[in-house]
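The following pair of complexes shares a single chain, chain A, combined with chain B in the former and chain C in the latter.
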Partner chain A sequence: MLIYGLRRLVVSVPIVFMSTFLVFVMVSLSGDPLANLKSRTPPVSPQVIAVEGRRLHLDHPLLERYAMWLGGIVRGDFGPSVAANERIGPEIVARLGVTLRLIAAAFVLALLLAVVAGVISALKQHTWWDHGLSFLAFVSLAMPSFWFAVLLKDGGVQLNAAFGRQIFSTVGERSVVAPDGVVPRSLDVLGHLVLPTLALAIVSFGAWSRYQRASMLDVLTSDYIRLARAKGLSRRRVIVRHALRNALIPLVTVTALDAAALLSGAVLVETVFQWRGMGDYLVVAIKRTDVYAVMAWLVIAATAVVVFNLVADLLYGMLDPRIRGERR
Partner chain B sequence: MVNSAAAVKSGGTATYTITLPITNWNVLNAGGATYSVIDISNLLEPSAYLVQPDGSVVMNDQLLKSATEVKSDPQTIKYEINPNAKWSDGTPIDASDFIYNWQVQDPRQCPACAMALAAGYDRIKTVTGSNGGKTVTVVFDTPFSEWQSLFSTLLPAHVAATYGPVGTPAGRAKSFNEGFVKNPPKWSGGPFRVDQFTSDGSVVTVRNDNWYGPRSNLDSIVFRLITDPAEQPTALRNGEVDVIFPTPGVDLLKQVQAIDGVAYQMSPAPQVRDLYLNMNADALKDKALRQAIFTAIDLPGLVKKTIGQFDPTAKPLKDHLFLPGTPGYADDVTALGYGAGDAAAAKDILKSAGYSGIGTKLVAPGGKAVPELRMPVSNANSLAKDEAQLIKAALAPLGITVAVKPSPNPLGNLQDGTWEILDGTLGESPFVASMNQAYYSSCPTGVKFCNFNVSNYGNSEVDKRLSGALSTPDPAKAMQLLKEANGLIAADYVVLPLYQQRYFLAYKTSLANIRNAYSFPTYNSEQWGFRKE
Partner chain C sequence: MRGTQLQRRRPPRRLVRRFLAHRPAVASLVVLTIVVVAAFAVPLVWQYSYADITPDSSVPPSLDHPFGTDNLGHDAFAQVLRGIQRSLEISVLVALVSGLVGTVWGSLAGYYGGRVDSLLMRTCDLVLTLPLLAVAAVLANATSGSWWLVALVLSALSWALIARVVRGVVLSVREKEFIEAARALGSTDLRIIATHVVPNVVGPVTVTVTILLSTAILAETALSYLGFGVQAPDVSLGLLVSASSTAVSTRPWLFYFPGLFIIVIALAVNFIGDGLREALDPKQNRVRR
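== the complex of A and B ==
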């Protein structure tokens, strides 16, 4: 298993390397990091613009800039940001914490809802339960997350108005001036977390619940389940101990693969709810053509994709020894 | 609805929305002069003169007892600082602050300082203090008529000294480019001081009890960062912010109008929308063609179909240098046919100049076809896209083809010269000569784009008058020179003024004394307050 994992890791390194090169070239060619400075009215002097250009290494050819960036990454330096006051490394670490909180909450929520919906759909196949939950799943699959986020915000504001107090917040991950006391502070964080978590969870819920339904149906019609029933095991025991446990195996690998995809959903949700996480960091970096900030985001995102792919592979191998044996 | 001076109670916290993340705290630095930083710096950094909502400029009588031009040759200004004026740590505001602010904004004194604007400071010969530092004497080596624009936000010299040795250019640059840039201000010379700069990019300010002006009504003003203007109305509706100041649009206006307990002001901004013709393009070097283009465009119709959608009071701009409502504003363009929307007159102009193919494919008098005119338009600006289509439609009957080119960055097109027509926005200020010199003074020979002379316009007579207006100590003479320059620019048919941009300020009706002053609603933060029941 260890050798298998290492082999997968070695294969991943060139993928990350290539992706950084391609993105560096594309982002560098997409705009001028000094555009904002050059567009100021009254105009900024050419000397100031030249100094800023040198700070951002724009006086070097593109490939040389990439090599400098790569060398910096090895030393733990992500390069200079367009924002002179901002150090990319510490900033991205802080942002990552915010985003991971959102993704973790959305992941758990989506997984729980998907398992419950998938199992009920499978057990009540071709009933109104199944049709209703399938409809919900397809709606969530079809609905863009940003649109759902906007609807949720509006719903939250209306509920607040109906209750005459601010239960749900629509901006940020907490109040700027946090309330005193542990309970009010926790409620404040929770009030900010609910709507964005729902918005992000819905992205994965649809696909995962359909997957769980299919997997459960597959297991329920298998020979060993029929045997278990024939042996007189209770329905509950058959479903929970035998059917669900096996039906979860494919879902585990799918969710591991999709976990990294939640990062892309977070970009939209963080924009709508104004969370200062990785998504917001990417949007702002792109807006100001902050090449090194975009690259830092990419390194984190690409690493996350590679790691979660690796986790998926390893889980798959771990949960199903036949796969591990085949690959060996 | 104008939120005029009203009775308010003491106390409370108001939350104001900022749109741009603060990545540079030095408002005088090229990278720091953003709306967010200026909004906050209005609470902290005292100015010698203040711009009022009507565009007038008045002395800040909290900071200064007087500011007088005591001598015209050499031009000498004497500032008497209020004896009580002090920074929040108790250090008096004195001549050392004026000296430091001059030195870091004068390229001769600090070549490495990344100043946002050097205009005027580079004409100062000396700044000296007397009377225990409470009298400041500024002597110019070149006269500067708009001296009221100087010392517009003061940074504390004693704080600068903690960042670097301010007696040397290198030390000044270190304090200016690093110290004030990277450190959130713990000092204040205004009604509030910064209490927290939070991890989400928001800023909490609290009352500065050491301020020498009248006590502020509010205990605290929170600057909440909401980078997407589309999300700001929802935050206002949900009570998470009290004041928003986004770029206006039709949808945004409708959203705000639907919120109970919220008032708004749609006010003209000190920004003008212009249509530029590229004087580097061979075809456009012919004045007759430029005149025909400006005559064919229906400016009232364009204004109605663009900015008029959310502000029916918007009117076509008639002046190149002055803003409507300011003393120098006059209609210099109607008599010249600007924006008349008269295709027949435009065709006559072309016919008289010897053009052929009018109405089909325009051919210049020399027999060369007028090429397709490229017009880059920002992908993200729907108003600009509408404007481009209207201009394209207006020029089609003349036989002129306009190729509207969606562009992620029209500024890039401007810089690399891949355009013939461009509409854009430039800032204006009460200091007309300083601002417009950058827009209308000739570029050096061989240069195709300089400062913000978008069209690469050049007229030596205009140069003389703009320069003269900036140097004459006589305000009447300066006004006369600016008006003459205005007329010359109009007669050259290079820039078609379209309209004055709008600002949109929305706020809870429970708050009073909220109003915009030349882009910056926080100019009177000490007066903000919650209405008495």
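== the complex of A and C ==
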């Protein structure tokens, strides 16, 4: 199984390479990183602009720049940022922590909600429970994630105003002035996490709960469930031990594949709640044609995709022994 | 010959009947039709144009302004209708362009197989590895933000999805006897693709394109919110929502109405896609338990 996963990994390497190259070219051609510097009043002297251009490797042709960037990545150097006082590496690592917190929380929440909703839907197929939960799932699929996020944020603000004190934190990933002590500080971070997590989780919830419903229905009609019931096992035991366990297998792999997509969802949620995470970094970088910063985001996103694909493959093999022999 | 023609006519009628049996899909089709017709017809008779600046600024919904006005005095009803038009135009263009490119691409890959197939499909893989939101933002940032460029950017990133679906279908059709028979009768490759392969592909493509329609609407809103989509003074649903998102508490009507229409449209399109899929592939739709 590990070998299978590794082989998949090796196959995806050239594609990832091409992908980074494509994005590198696109971002480089999408604008002039020095535009801001050139348009300043009073005008910046041409020497300064030339020096800045050299710092950003703009005096080299595009292909050479890509090669230099690639060489840098191998050594763990993300390249120069347009913002002269910022180093991309430490910056993105700090922001990755912030974003991972959000993604992990949203992932767990979405998974829990999806499993519960999916199982209820399947067990009570064609009842009002099923219809209601299905409708919820469809609405969450049709809702622009940031619209819901803004709605939540506004709800939080109004609730705070109504009670005259801060119940929900609606701005930033933590308070500007962090409280002293480990426990208050953690509580502060958790408080800021609540609404964004909900906003991000709802995006994945829709698809996952539908998936869980379908796979649960599939399992419930299978022979071994009928056999388990015929043996005289209680309905509850059959559902939890036999049906749910098997129905979770496909969901687990789907969620692992989708987890990387949460990174894109986080871009919007972070913008709404003004978090200083990866998403915010990407938006700013694109706006100022910060090629190397965009590339840093991409490399991390691509790594996440590859890693989660691998995890999905391995999980699938681990959870479902039938797969191991077939997939070679 | 006549007999076979009659045979070929029959499935669509059965398909329509099956689609009509899917109640959410039918209801959605009705709702979507009303929204589309209203979006294009009502502005012709409505008293305000989306660009009019009326003397009433920031008034809540009233008879004169059913959706209220913004701080400059734009009539939000006219703007929402205009936004629906734009968002629909963008998503339909995305669906058409990526549907066409994807179908041709996938058909060629599936039909010819071998080296052509791997070359074409690796290109698809490459496109599919690009994170949609990030790359669309980069491309849209480089272009000037007119609505059809936004649509083309989204198409450039979504055709590969369709190509993959089409290739799968073509691969399974390719080995069927009727293709062999057509070839034995001396049909050219082009003729076989056009008369035998494409009709089989239409179903799955329609379903995927329908889903793409709602994805495109949502992607447009997301891009506009981040500032990379349609640019003012043009109007789209995404732009309306993002422009009003900073003042939800003071002018909630500006935020709720365009958002609700996004949801209604995307929801309706998804249900229609569902209905189409079940009509086209009744095997998936067996009653369980």
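Please note the rule applied: the second predicted complex is superposed on the first by the 320 of 328 C-alpha atoms of A that agree within 3 Å, B and C clash if a C-alpha of one lies under 4 Å from a C-alpha of the other, contacts with A are read in each partner's own complex, and residues count from 1 in each chain.
Assume contacts are C-beta pairs under 8 Å (C-beta built on N, C-alpha and C of every residue); 3 or more make two chains touch, one makes a residue touch a chain.
Computed from a predicted structure; not experimentally measured.
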| item | value |
| --- | --- |
| Chain B versus chain C as contact partner of A:Thr271, first or second or both or neither | both |
| Touching partner for A:Pro144 - first (chain B), second (chain C), both, neither | second |
| First (chain B), second (chain C), both or neither touched by A:Ser30 | both |
| Which superposed partner A:Asp154 touches (first chain B, second chain C, both, neither) | both |
| Which superposed partner A:Val116 touches (first chain B, second chain C, both, neither) | neither |
| Partner chain in contact with A:Val240 - chain B first, chain C second, else both or neither | neither |
| Which superposed partner A:Leu227 touches (first chain B, second chain C, both, neither) | neither |
| Which superposed partner A:Leu22 touches (first chain B, second chain C, both, neither) | second |
| Common ground on chain A, meaning residues reached by chain C in one complex and by chain B in the other | 30-31, 153-154, 157, 271-272, 283 |
| Partner chain C, residues of chain A touching it in the complex | 15-16, 18-19, 22-23, 26-27, 29-31, 125, 138-139, 141-147, 150-151, 153-154, 157-158, 217-218, 220-221, 263-264, 267-268, 271-272, 282-283, 286-287, 289, 294, 297-298, 301-302, 305 |
| Of chain A, residues touching chain B in the complex | 30-32, 35, 37-45, 47-49, 51-52, 81, 83-86, 94, 153-154, 156-157, 160, 166, 168-174, 176-177, 271-276, 280, 283-284 |
| Sites on chain C touched by chain A in the complex | 122, 125-126, 129-135, 137-139, 141-142, 214, 218, 221-222, 225-228, 238, 241-242, 245, 248-249, 252, 255, 259, 262-263, 265-267, 270-271, 288-289 |
| Chain A-facing residues of chain B, complex | 13, 15, 21, 23-25, 30-31, 33, 107, 111-112, 114-119, 177, 181-182, 196, 198-202, 204, 220, 222, 224-228, 231, 234-235, 237-241, 408-409, 411-412, 415, 426-427, 434-435, 438, 451-452 |
